[in-house]
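Two complexes are shown next, each including subunit A; its partner changes from subunit B in the first to subunit C in the second.
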Partner chain A sequence: MSPHTRAVETWTLQPLTDFVREASARLVLVLTPSGQVLAQSGFSRAVDVMSAAALAAAIVASTGELARQLRQPPFAALSHQGPRTGFFLATFLTDRGTLAVLAVYDLDVSSLGIVQLFYEQLAADLKAASPKGAVPKQVLAADFERELTDSLNTLFGR
Partner chain B sequence: MSAALDLITRVRGVRGAMLVSAEDGLVVAEQLMEGIKGSAVAALAASLAGRLRRAMEASGTGRSVFWHLQAEQGALLVVPSGEESGNLLVVAVAEPDVNIGLVRLELLRAAEAGT
Partner chain C sequence: MSLVNFTAREITCKIVYYGPGRSGKTTNLHYIYGRVPETRRGRMVSLATQTDRTLFFDFLPIDLGQISGFATRFQLYTVPGQVYYNATRRLVLQGADGVVFVGDSQARQLDENIESLQNLQSNLLEHGVDVRAMPLVMQYNKQDLPPELILTPPELDDALNFRSVPSFPADALHGRGVFETLKSVSELVLKKLAAGSPAS
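On to the complex of A and B.
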């Protein structure tokens, strides 16, 4: 298991570890659409996790709204590819509520096809592993900072 | 495009033919028998093609024009196509005992035709 893969909710750890290994992804976040991080892989600084989670949540929200205005169901996945690096962002439904996966991959070791292929497996594994009958916990503004600090402490082993 | 794939799949023992984007490993066009997962084959072919291209460049042998991966239950045959032979892959999925020469010929024809 990669020392750089950590989870706030432990049921996400094995599916994420498998995905990182098989898809050769450099950075991965599993998060809720509100930006609450459940697991991460490859990040070395808390500030990077916070930034990536906030940006991913913003993209999920803005594309969701765009889809709503177009009277379409929410987009399943979004991909952006640069000359050397690509990122893939997708959402799926579990018993834990809607989750998003953000994966960053280097084009010399992986590809969109590989990431998409193993993302399907990751989504299936997370759906199967998610706690049944769990009601997604609402993060209140008053608890936000404490929740965030606790999550980051878990994700970076502090 | 589909005519080129049609000629490949007419060869006895070929279970499917695909055009795959070499850069991202996505399916551009496909004619596959039921049970073959096109997205998985495309991702595998593009991943192997990319690594093979870099290894061949490093070893100074030039571009690959055809490669054949033999497995227990089938074979993957690939010809790079498109600009500088790097844009598209013409891929055949075949049974282990397929006539490799004939499939190679049809793959090269499809690649030369620009698919």
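On to the complex of A and C.
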């Protein structure tokens, strides 16, 4: 597994690891349509992951809305290819809801065809692995306000 | 919808700055970006027109550090304020955990504030969210303008704050009220999470 492959939800890790290896993708994100990252590979800084996820979610949202206005089903996938690097973005439905995959690949080690081929496997593996339903859990201690205030004070240099 | 990783003990929440055009939503994010240390924030992403009006959204991820043992990150978004960008505004609102309504304190902008607030309610409903269930704070921006041009915070509360949510006078350009607003919405969002909302 790449040292930079990391899953927020553990069921996504193995399918993602397999995809990164087989498709030779440089960067991969598995995300929700609202831009929350479930798993990522290849990113070195958490905050850059979030920027990429926000932009990917925006593309998914805007193409979905375009499709809706054209009275078409949502576009399944789209890709852009530059001289050295390309990206592939696609959505699929799981028990966890709709998910999107953003894959960035270098043309000297991979191609759109390879990425598309192994994306099909990734989508199938994620569909099979996704948990059925979410469970309510207690998240934070009731007295988190002081820590929050301290954190925000630090952030704003107060 | 906030994302909680119980294994790695991480929380990621989405906060949307909403309000009419030119009310100061992007200015709030610029101020936060300028004040937060580089190690605690990501790149600010702005999808704007050539004249720097927000076209799709501005986005700023910030790292709050450890809260109750969870590494807590907030994703701050703005929406485009102009009426004709409603489709993109609705898309940005998807999955929001909390909303900051940035109102323009100028008396002549009152109708725009009301219209934007109604639009927020309508767009949340399209996502199946009742505005009363959404953590919301109001910010009355541009309070630095001459008194004869603006409404006071109590007057704006009377006109806009029908839920009696926390409200803050602000001058986002110079930072007044920006921190207090962010702190308040953060508390509301995390309180809702602490109350045991479904982790998803």
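As a convention for this text, the second predicted complex is superposed on the first by the 132 of 158 C-alpha atoms of A that agree within 3 Å, B and C clash if a C-alpha of one lies under 4 Å from a C-alpha of the other, contacts with A are read in each partner's own complex, and residues count from 1 in each chain.
Convention: contacts are C-beta pairs under 8 Å (C-beta built on N, C-alpha and C of every residue); 3 or more make two chains touch, one makes a residue touch a chain.
Everything numeric here is computed off the predicted structure, so don't read it as measured data.
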item	value
First, second, both or neither for A:L112, with subunit B first and subunit C second	first
Which of subunit B and subunit C A:T10 touches, first, second, both or neither	second
Partner chain in contact with A:S34 - subunit B first, subunit C second, else both or neither	second
Touching partner for A:R45 - first (subunit B), second (subunit C), both, neither	second
Partner chain in contact with A:L55 - subunit B first, subunit C second, else both or neither	second
If touched residues of subunit A are counted for subunit B and for subunit C, the larger one	C
Footprint of subunit A on subunit B - complex, ascending	20-21, 23-26, 39-40, 42-43, 46-47, 50, 54
Residues of subunit A defined as touching subunit C within the complex	8-10, 32-38, 45-48, 50-51, 54-55, 58, 61-62, 65, 69, 96, 134-142, 144-145, 147-149, 151-152, 154-158
Partner subunit A, residues of subunit C touching it in the complex	1-8, 10-12, 14, 35-37, 40-43, 45, 47, 56-57, 59, 61-70, 72-73, 75, 77, 87-88, 91-92, 94-96, 179, 182-183, 186-187, 190, 193-194, 196-200
Residue ranges of subunit A in contact with subunit B within the complex	81, 86, 107-108, 110-114, 116-117
